[in-house]
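Next come two complexes built around chain A: one with chain B, the other with chain C.
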Partner chain A sequence: MKKLKVATASLAGCFGCHMSLLDIDERLFTLLEKVELDRSPLTDFKQFGPCDLGLVEGGLCNAENVEVLRELRRHCKVLVAVGACAINGGLPAQRNHLDVRECLTSVYGRTVPDDPELPLPLDRVHAINDVVKVDYFLPGCPPSAEALWHFLDDFLNGRTPHLGHGLISYD
Partner chain B sequence: MKGTFTLDGSEVPFHEGQTVLEAARDAGRYIPHLCAHPEFEPHGSCRVCTVKAEGRMAAACTLPAREGLAVESATDELRELRRGLVQLLFVEGNHFCPSCEKSGDCQLQAVGYALEVRSLHFPQLFPDRPLDASHPDVLLDFNRCILCELCVRASAEVDHKSVFALGGRGIDKHLIVNAESGRLADTSLSVTDTAVGVCPVGVILKKGRGFTVPLGQRTYDRAPIDAPPEKAGKP
Partner chain C sequence: MTEAQPATRRVAIDPLTRVEGHGKITLRLGEDGKVLQARLHIVEFRGFERFIQGRPYWEVPVMVQRLCGICPVSHHLAASKALDVVLGATPTPTANAVRRLMHYGQILQSHALHFFHLASPDLLFGFDSEAGRRNLQAVAAEYPELARQGVLLRRFGQEVIRITAGKRVHGTGSLPGGVNKAVTAADRDALAAALPEVLGWAREGVALVKRLHRERWELYESFGSAESGLLSLVGRDGRLELYDGVLRARSAHGALLLDGVDPARYREHFAEEVKPWSYMKFPYLTALGPERGTYKVGPLARLQNCDFIHTPLAEAERVEFREAHHGELTHAPLAYHWARLVELLHAAEVVGELLAAPELLGSELLARGERTGEGVGVIEAPRGTLIHHYRVGADDLVTSCNLIVSTTHNNQAMNDAVAQVARRYLDGVEPTEPLLNHLEVAIRAFDPCLSCATHALGKMPLEVVVVDAGGAEVGRAEKRGG
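== the complex of A and B ==
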């Protein structure tokens, strides 16, 4: 059977969701029999190829996050928002009631870095569905390994994933 | 007077003066709700308990039970409507559950889980609402208020102090503290007041209790809010 292509991205997140994915432990072997990883922090590919599934950790706090997300959406049949930050901005969005200029000057004083290599921060941290269409939402901070595995198992076997008690969590 | 009505096709007994929500609760049948509380007069404001009876939508907490009434609750249409109401409550405030002491004991969260609310759907408002940490024993985090008025009712009717009130209208409606300074420290609130324990979400919090029960072992971690009564989490 042809393996499904899966890409993952970490935007404005903490890598906790990726760690939770690794936490499925020996089920990783089962997973890797069925999927092949495309661009992901777990591989070293620099470009996305055509993918069946894209998993996004983290929300959008700067222009680069938006670019990577749009690129990933273009290459994926199914895009999943994984974790609180992708779904509602999460911890980074705790700055949303503050002025971004004031945040920067209170940290850097008068020498706010302005190197052209640095992506511009957005005025507000956004959930990913503010910018692209999202096909499924997997909440949790992070979603547990069980929840991630439940989702992947359902997805790989063509079932609509449902998160029952103990698997759906906002913290 | 006694009688029976049907809830999703099966019979529920009631006695004179009961609402659909009360009779359903007594019969061990769960209808999602947030602002209703068995010890207080129904308020009918959150609309999460909306059911359909005789083709019309009505809040089960204020709908009088009536002989032969056919009430629908667990339908896709009503689940979808309730999901929207819960999502609106989330986007109107700032609900960052991972840092909330109420997580796992929170009814908004538990109802969200029961309705499988996985996304917010609506744009978030991100209001700016400073905390009130002035009181020695009680913290107020206004970011999570769902305006259920339970604290208002408890403080007035049980504690006889009227520490809390709701001010403003529409989207500007908000919880206020009845003191000239607006600070909780300048009221007669005591940590043992009924109003302190009644908040279904994480606004009114006792200080010095952080994480005494670990996440994963809290009320709605042990059993979902819609479980049969002998198992369901009691707040």
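== the complex of A and C ==
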């Protein structure tokens, strides 16, 4: 059987959703038998290839997040917003009621880092569906390993993912 | 007529992979291919310290742990400890035991994650193995037993966290004044039953990393090595201590620079520099200044900073580590892996101790006291010394928040390692993908947590150095802490 290609991205998140994915424990090996990882923080591929599934953790806090998200959307058939930050900005969006300039100067004084190598911060933290079409939303901070596994198991076996009440939590 | 600028070529590794968070490395190569500049950039800014202001203090331990999904427990506990002081509360023996258990569970899972899931492909397959092979998937295919043990070690640590914090990632177990969840005898017994196997895997992990290091001693000891000071907490008796202790700093050759320092007085000893090309600041020991005062934190610093480890298996490994280095300090980034696995073993031993301690199952979970307005909490997170500092108004709202996270302390050391490896492998050579991975190997050894690092937004004394295009200093300004 041909392995499905899966990419993952961590944008303005904390890596906790990736941790929750690893929390499927030994089932990780079952997963790795069925999928081939593409670009992900867990691999050394620096570019996305054509993918069946893209999992996005984190919202959008700078221009680079937006570019990476658009790249991933272009390359994958099905895109999933994983966790609170991807779905509505999450905790980093707490800065949305502050002025980003004031926020930066309060931290760095008059010399706010401004090298061309640093991507421009956005004035607000955005959810990913502000920018691209999202096929599934998997809520939670983070979604539990059970929820992620259930979703992946359904998806990989050609079923429409359906979590049901017990696996969906907003925390 | 303007003078022509010498042509330089930019090479970037973007994004860094198999590390937590967002960063990149850039190189500037001259016309002859010589490395003119090598930098690690932290490219994200979030501003947690700023938006924590105005929140009720009791929300803080669950908010700030969202800084990092790999080590949420560190922030959860450092904030709880700082806010214990604000509450004027001395946690009960049971609360301390539960928090310690949570913390050592986290050290175990985070160290396992870093070695087995992220870094091991470089060490097992070689720094210049093909990119497609350098990941957990290939480790699982070629070293299935090793991968299984890594996953199960991490699972055990995560289970310790779930039992003490309520959830594996972003739990809610600790709060100002203590904990809100008792450990049951059934939970304790389940963990204790799994422990012998965990200790066995941890010992195999140390044996593996030791063998890899010894087999390529010259390479591992020289790769990216740059001298700096060392900083960590130690116990009051000089033991390796990760939850609560006093600050100790050594010079690059082992002389004590600070010892027995109350962590609450951290601001008297550290200052930070900002460089315009990174959101991560550069801290240093004030007494030595920004050039000579840089230091490393994390497993390598801790293992060489402490006088002893109180658990027998890890102590034997510490002694072997020090003897292998003839009692001298090593500054080799790759020695971090060895030190990290010794700490993983230590964490498993401490979990065993705590599971056997009668106070763990007590029911006195919360303490109260005389309210104060300010508190500092310092903890040794998996990646190094983590400092949380809060001021809280009479209305219970946070008025200021300062976080100095582990990875920030290692900023200069990581940049030094990148520069050293770049000069060694890339000077005058076409930068191929496998060669560029060498730079990432050096960074990974520090186990950086770059999303944590973007929050190092301290109110530390701040020094700004302005340099011209050639790197010469043209101005300097200082801002004292607020």
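By definition in this document, the second predicted complex is superposed on the first by the 171 of 171 C-alpha atoms of A that agree within 3 Å, B and C clash if a C-alpha of one lies under 4 Å from a C-alpha of the other, contacts with A are read in each partner's own complex, and residues count from 1 in each chain.
The definition used in the following text is that a contact is a pair of C-beta atoms (placed from the backbone, for glycine too) under 8 Å apart; a residue touches a chain by one contact, two chains touch by 3 or more.
Since we're looking at a predicted model, the values are computed, not measured.
With both structures placed on the common chain, the touch criterion links A:163 to chain B but leaves chain C unconnected.
Contacts of A:92 after superposition: chain C is touched, whereas chain B is not reached. After overlaying the two complexes on the shared chain, residue contacts for A:138 are found with chain B alone; chain C is out of touch. Looking at the shared chain after the overlay, A:127 reaches chain B, while chain C stays out of its contact range. In the overlay built on the shared chain, the residue A:76 is in contact with neither chain B nor chain C.
In the superposed model, A:21 makes contact with neither chain B nor chain C. Between chain B and chain C, more residues of chain A are touched by C.
In the superposed model, A:171 lies in contact with both chain B and chain C. Judged by the touch definition given at the top, the superposed model places A:7 against neither chain B nor chain C.
Annotation: chain A residues 90-91, 94, 97, 141, 171 touch chain B in one complex and chain C in the other.
On chain A, the positions that touch chain B within their shared complex are 81, 84, 87-91, 93-94, 96-97, 124, 127, 129-130, 134, 136-139, 141, 162-163, 165-166, 168-171.
The part of chain A that touches chain C in the complex is made up of residues 10, 12-20, 22-23, 25-26, 28-29, 32, 36-37, 40-46, 61-62, 64, 90-92, 94-95, 97-98, 103-104, 106-111, 113-115, 117-119, 121, 141-142, 145, 171. Chain B makes touch with chain A in their complex at residues 90, 94-100, 103-104, 109, 112-113, 116, 118-120, 123-124, 126-128, 215, 221, 223-224, 227.
By the touch criterion stated above, chain C contacts chain A in their complex at residues 12-15, 17-22, 24, 26, 39, 41, 43-51, 63, 66-70, 72, 113, 117-118, 131-132, 134-137, 140, 144, 147-148, 151-152, 154-155, 158, 167-170, 274-279, 437, 440, 451, 457, 462, 464, 466, 477, 479.
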